[in-house]
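Read from first to last, the chains carry the letters A, B, C and D; within each, the first residue is number 1.
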């Protein structure tokens, strides 16, 4: 699939537009990656206060199941659904067996999820070997001026936005969402209002795990599936969530946008190293200036405390 | 009598919410003052401003004649203020004795510390539970422990935020006697309280806060006769 | 016994009384005499386990006692290691220069800790965000050091050498006439063991002192501590600096042990390890931290030797079991179980005394 | 693991019983003790993918040698620890093998970082050590022998060939650490020598897995040849991403395909027109290679791909055997002298491999591997017997002067 608008516009304007789009594509690409990295973690960390160091391994789980079921003959969208559900299921089981014992023990959740990540990484290596054959990125590419772009990657930011919209709907409009936000604000009060807080925690964790799985599924066609792949996501995930702050709905999209802008600009101007370092420095500064993240800042401005 | 605490045009806004909206309060040395007012009147916020937990949006705070408006909280405490919080602020996972030692170790040392510790334990009647974790005490006992910690600093001015919340009438009465005893020993005390029986037991002078402003001020009898005060408690003003 | 020394046995540490100190003394004595019984490798290996103890003890102090979770102690570890490398390679091992390098390797982490601590504690950074800031700092260090492979990254005659790490720094050397004492093998072991004892006893005194009282007060309720007139942020800063210098000490000793320091010592995996040790042992007690660190580093090595590719899985399972069944950490939980059991037995045998509530 | 263990057990039992009785017999029994080969390789962690075939290859060579009566009449015994792709583990286990297991030789390390982590330990103990990996080159160390290919073998063949076929504009993307930076320096120098121009050079931190920016930079520069010196699982994502953006430049590499068999793992055509110089890949067809593959797969049917480093590991064991036989002893100083004396060769799966006395590196037959659009492989060119000459020409001569350094084109030995 190829098309080109090169002959519709005069050269100078064309070049400018192409450069502008190239930067925008970069920004959107980075934005999508950060949003998708952060989503599952934001829900588990931001809403439940569990520091999930096994987040990367949920992503890995989603990617593996997607790749394996696609290679077994399932169409890609269904394979991705399988990956998402598989990660969610694993999350559900782990919540039942382990995580629910650690809800009021923030620090212990670090050790437990670290242990889970060790087991998952090495277990996958033993079960599935050091690598599995990857997938091909669907949809081909399109050209603009001297650049060509992957269609699939150009779509990822839209998918990220759609997901954010769906989550907004889930948390603002549905009974589950309202109860879960109430539970996070004040578990005792929510219980008094008739919410089954235990079930809500379980559902929230499962949702977080499934979203991590979805991230893995969406990126599965673009990266190599190896047991240690989770590490490629974990730092970006935490960075996005910290800058976002506790309220996923308010903070995640602006946080990803700001970080994507900073990273893209630095990487474009000074190379990938400065892009990476700049990302981490931004976090340090944001934490200092806005200790509760972007969402905390928004809430404060709107009259909360 | 000299003035120990004075606030001038004190204001605190949270976003659009005017929690404290221009309070001028004067507390004399040796006074026992009650602050009353319906929920959300700004009583606890006023205490936090006095102690420096929040910076005020406007106005000034004078303590013993010095402007302390921008002073850090721990320095205000070192100048002779002390507070018992609304929600018990004790060290739950530490034993009773250690709670008190932490409070006592700044003003005292060595044998004097041990003596002061015994006096405090006697004062709040927790000598037999000194090695119990504070978390295992009853709610009333936790309140007393915190009062004792606040008193341990030998403050010139003691702020008590709802000291009798969750106490039985008997405990409340004992607390009232304790407060009067402390005041009699020369300590200036400001109390936030809802329990009118308690206020009657201890107070010489009462200040009513409403919507972050001083609504009325005077002896308890005068306040009780003010029909508007009764009305704000019923939510009609 | 002077009052300050009696603080080794205070309320903030488990393990008290003659029996405890007797057992501990025997352990230290046996350890000190080990080089006469076991082979050179066992000694080198034991040194290696002990090297990490300082970073863990520092984290226990910061996290367990003062309630500040730092996820980036490895930044100070790495900074100290690289400082020792750069200084000692430039100045050589003549005279006391290696000791000067050692000293500077503790001063620099202290300065960084003052800077970072001031930035965080006076800037209102709290709770888990302290962890995020410190983690970010260590990751920045790692990423930066990894790309210093080129010859342009040279300080004096010391190449930083990128991801492959610096090596061949001289060992600690003490001038002693014709034959200077070189701290290597057994002598390094004794030095590290002596430092462990010194730091352990020093920390026990510190945490049981008035200072330690304030630390636990800050951990339990910082607002109350402040309202008792304590300068909470200064205390936090101070304890953070001490903990970071101890992480630095681990870094120097690690560098000396392998005459090697690498950026991956500051990576995510390396940064998580001290937290695992401290949490698994029982973060609120330095004795538990000490033994847990040695036990877990030993265990993970044993698993790697014996368990081949199942090693990491076993490690994960063990940590999970500890977290689920020993919520206060392995050693602290076991210790409290034993103590409570003893008390129960004592109560069962002792004549009943009823304490009457005074009316 | 060891098929001869009952025999070994009986022998050590015998030795143990007799030891107290007679000194003469016990020394005789000791002479029949197995030769201990320490192996430090990553069975888990980041590098397991490329290293697992190496571990199999050591085992294959050792079993073959043992079946034919061992070396100097003694059996070989492997002591392997899983180093978990963790540099600290390398240090712990190197010391364990030297001080506790008292091994006679150590084989191992994959990444340059892990090699540099243990090299000081080897040097301090004067331990005979084989590093069996292609790498950035330049290690001039009396105690170290290298069986992998080095830049002068891989780049001075590959780059001129590519420039002749595709053009003189070259763009390099490389992992931002020692291997990538030094290899990029080699590429830069060779391109200049050949009258070409570098139209871009970009270094990527190891943690990066997203390449959109890099892909745009390359498209803007429009090179004739794209040199990819990417390392590890994160960076491997580049290939799929460049394919989906339809980057479509011919690529050249010294690391890919031969190590982590990307052409088998990635969906075609992600590696279309990738050219790699390797001293072995499984696709090499020759009697020696076919025979090797048959024996390998018979013993280890689970192996996913027999890579270049597996061949290097296999050769290393045979080179050690040759060294010991020439020395007539397993005394490490004598074996090192024998290995460095010239004429130590083995006929491995890729052909004849000999140790260069000056640099302790090995000569290789270099294959130019071309990955086609369907990810099948052809070999358009073979260079026979390429020497590891560079260290020798810049002044490293281990046969005359002991050394323990690593040199690069911009960091040459002091004359």
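As a working rule, contacts are C-beta pairs under 8 Å (C-beta built on N, C-alpha and C of every residue); 3 or more make two chains touch, one makes a residue touch a chain.
What you are looking at is a predicted structure, and each value in this text was computed from that prediction instead of being measured.
Ranking every chain by how far its Cα centroid lies from the centroid of chain B, the top place goes to D.
With centres computed from CA atoms alone, C is the chain lying nearest the middle of all the protein shown. Rounded to whole angstrom units, the spacing between the C-alpha centres of chain A and chain B is 48.
Averaging C-alpha coordinates per chain places the centre of chain A 34 Å away from that of chain C.
Centres computed as Cα averages put chain B at a distance of 75 Å from chain D. Annotation for chain D: residues 44, 176, 203, 205, 207 touch two or more other chains. Residue positions of chain A touching 2 or more other chains: 122, 125, 231, 235, 273, 276. The residues of chain B never reach two or more other chains; the list is empty. Within the complex formed with chain B, the chain C residues making contact are 11, 210, 213-214, 216-217, 220-221, 223-232, 355, 357-358.
Residues 51, 53, 72-74, 77-78, 82-83, 85, 89-95, 98, 101-103, 105-106, 125, 127-128, 149-150, 153 of chain B touch chain C in their complex. Note for the complex: chain A touches chain C at residues 51, 53, 98, 101-102, 105-108, 110-112, 114-119, 121-123, 125-126, 231, 234-235, 238-239, 242, 273, 276-277, 280-281, 283-284, 287-288, 291. Taken together, the chain D residues at the contact with chain A in this complex read 44-46, 48-49, 52, 176, 202-205, 207-210, 212-214, 216, 219-220, 222, 233-234, 236-237, 240-241, 243-247, 260, 264-268, 270, 304. The touching residues of chain C, when paired with chain D in their complex, are 39-42, 44-45, 48, 143, 146-147, 149-151, 159, 161-165, 167-168, 258-260, 262, 264-265, 269, 301, 304-305, 308-309, 311-312.
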